[in-house]
Amino acid sequence: MVDDPLLRTVDLEKHFGGVKALDGVSIEVEPAKVTMLIGPNGSGKTTLINVVGGALRPDGGKVLYRDEDITYLPPHERYRRGIVRTFQVPKPFRSLSVLENLLVASRAGLDTSAAKILLSTDWAKKEEELIEKAFRILELLNIDHLWDTRADQLSGGQMKLLEMGRALMSEPSLLLLDEPVAGVNPTLAHDIMSHIVKLRDEIGLTFLIVEHRLDITLQYVDRVYAMHQGRVISHGTPEEVMSDPKVVEAYLGD
Amino acid sequence: MINLFLLLVDIGTMYGVFLILSASMELEYGELGIPNFGKVMFFAAGAFAVGALAVRLGTWLAGIQWQGEFKTKSILYSTAVSNYFATHPLQALLVFAVTLVVAAVFGAILGIVASYPAIRLREDYLAITLIAAGELFRIFGRNYDPFIGGTMGVGVPDILAWMPPGTKEAGYIALSLSFAAASWLILYRLSTSPFGRALRAIRDEELAAATLGKDIVKYRMKVLALGSAMAAVAGVIYAYYMGSVLADDFNPLKTFLVVLMVVLGGSGNPYGTLVGVAVYIFLDRTLALLKHYIILPFDINYAAMLFFGVILLLVLMYRPEGIIPERPLLTIRAKFCRTKEGKLEKRLCK
Amino acid sequence: MIDPNILLDALVYSNMLALLSLSLTLTIMTLKVANFAHGDLAIIGVYGAYTFIVIAGLATYLTMPLAFLFGGIYAVLCYLLIYSPLRRRGANFVMLMIASMAIDIATRALLQIYADLLKFNFKVYSRAFIFNDFTANILGVQVRGLVLVSSLSVIALLALLYILLMKTKFGVAMRAAIENPALAEVLGINVEKVYATSWFLAGGFAGIAGFFLPFRIPTSPDLGFIILLPIFAASILGGINSLSGAVVGGYIVGFSEILGTYLLSQPPINLSTAYRPAIPFTILIITLLLLPQGIASLWSRGD
């Protein structure tokens, strides 16, 4: 029995000049499942993540989250509803330390009111708890020794992990991961994927992942959507999709 | 001797005024990354509010009947009000408090209005918009006589007239420096708190910050409201200290000087403003002193302007991080320190 | 009815603005940041020309090429000594903008000092000076020389720029370097040289525009800052990345400013002409709110 999908896109369209990056894309992301988007370069995967995450407005179609139309909501409103994303090219807050990068993502809202900061000291206690929590995530990702390093001093792989750490810190219900293990060494990449599965099983987190490294990731995911030239050409379990002749053709033809 | 005293009063008071302005610029530009090139407009908002209200409120409280044009008589009546304040300190403080609140609110509202284009425009468009708005505000002050006396300027009554002779000047220093200290502490507290962290996150990577839940529009609005209210308070202090308000005093050069102080001191670090303002005032006073000893075939004020322009260019080129560079600030650093192996230990540092 | 002289004055002013917004746009295309010292380039040009008029006794209109030269050289120096090194050191957008503001302050100070020195050494007016014009009789109508000269200059300079950009090898290199500097570099184009040349041309155009100033109004060192707002308004109205848009923007802002100021200062409104900057400011705000891509987006699909 299939649950109601957490996220649905309906006939999404997005053009860049004359190029159709999304050409009627409809997908469903089931709750507490890991769903992966695959496809050759330029097939529209990242555009889809951008539209779902709110970085891009689609030219047509809808994005529904828990049956609410969120197509034109700004990113911070999506965050409030539990949708958080990472970026293919990491976007760390470069002059902040690694620890601070994580704290920014916190859902505690200590940073929303200047007046509260000025007039009380309550936030400091909460902040301590957040720091503890941030450290647990940093330890998990194996970058806790870098906590005081400025984010722009990190290597590419470490920045990827920082992106992941920020996303986890934000306690999402739906995590959009744009190439989470690209540039990460294989051992750590497997660790990250196992952790994703653990989060799915233990707290029912839902994932939508774009990744090229199928050799590592495929074994961890529940559902796969294969895209080609802005369209979904196949979907199902990883086995079903990978044995679909259309998918094989799309990859070979690229 | 008395000259030295007055010089110190002037330096101290102006340090305070410029520190408030720099703290507000640091909050907007250093922390949030919005270069507010309309700074002088918000500074003027405070000074103009005092110019337009102080002498009117004063004459009303003193029960003086106003005869003649505002433009020609404001200086005269401000002296009369000063004399009244000499025996009525409470009324003087009341006028100060009222103008201060009005100015701060006026500044904050202007800041919120300015945040509307600030959200949407690229920085250079925003800059020219704010510069032009400031210039129009100045032109309005200069041409609409009933507002602040037009080209004649307006007299501002002495709110410290009731203080014993000789201590009044110290009073102005104290006034200026206490407001400056408060402004700087607000800046410091915000900068080293989750709020400041969110601002720097937005400055560094806007999209990532929005994705992590930061409502960028709201942050810009809040910061511009607060920064502009601060600048207006600086204008209030400046107006009372100078004893008059002249529209043409509020030209874009003032904005440039504040930018110079923030960049020179080190933008992104609250301590930078303390140093930047001090260095500027030191250089400015030194140049002013030189005027008495050097005779040049041109006005030395222009040489000073050239000097400050070149200084800013040199800083941008050779030390863009300023005298005191930004560093990641921990909100509660004391609780976390490294062990010998570089690992983190979660206990109070000795 | 509007006095024809006011229309002609609007034409002259617009000719000047068109050159300035065109040249500002040219520098923005290379630097990607608006140069707040652009108005000062015009004043550099006119002070250069004025110096030769009062010292060497040259006939006024003969010094026009000198205005071009002075404006151009100063612009190239700004680019080579400040903007280009700053960018190589990784200065971001806002830092370049702050630098241009510092250049504006320093340039106006330099001009003030120069004006003082000119007065001190040669005992001539060095501020609020004006140029005398000749009057031409065209088919029985008396026309100021400036009307003809400024209009012809705009036509000639635009034609020159068009030929340079569209018909020469240099133009191809320039357009390539503006559109995709990295690719142009790979193709063997010396991007730095192309940009410096663009700055020279832009400064020269600004210098010519500056040369027209003293015919209309008394000219002083700070005038460059005062004309900055209409220049920006014209350039932004034109759609900051379009040369043709900048020219059209110059005429729209120029005519609106002159005619608007004239009409608003007449009964029944009687507004002081001091509020004149409100007109380009209003145009600027309306453009940014309603047509942020500028009017050029109406006829070209943003190149």
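As written, the chains take the letters A, B and C, and residue 1 is the first residue of each chain.
Operating definition for what follows: a residue touches a chain if its C-beta (ideal position, glycine included) is under 8 Å from a C-beta of that chain, and two chains touch if they have at least 3 such contacts.
Predicted model only: the values in this text are computed from it and were never measured.
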Among line, ring, star, complete and other, the chain touch graph is line
One chain's C-alpha mean falls closest to the whole-protein C-alpha mean, and that chain is B
Just how far, in Å, is the C-alpha centre of chain B from the one of chain A?
43
Please report how many Å separate the Cα centroid of chain B from that of chain C, as a whole number.
33
Separation of the C-alpha centres, chain A versus chain C, in whole Å, is 49
Residue positions on chain C within touch of chain B in the complex are 33-34, 36, 82, 85-86, 89, 91, 93-95, 97-99, 101-110, 112-113, 116-117, 120-121, 225, 228-229, 232, 236, 272, 274-275, 277-278, 280-281, 284-285, 288, 292
Which bits of chain A are touching chain B when the two form their complex?
53-55, 74-76, 78-80, 84-85, 87, 91-97, 99-101, 103-105, 107, 110-114, 117-118, 123-124, 127-128, 131-132, 135, 144-145, 147-148, 150, 166, 170
Which residues of chain B touch chain A once you look at their complex with the stated criterion?
186, 189-190, 193-195, 197-198, 200-201, 204-205, 207-216, 218, 222, 226, 268, 326, 328, 330-332, 335-336, 338, 342-344, 346
Residue positions on chain B within touch of chain C in the complex are 29, 33, 35, 37, 117, 120-125, 127-129, 131-133, 135-136, 139-140, 142-143, 252-253, 256, 259-260, 263, 297-299, 302-306, 308-310, 312-313, 316-317, 320
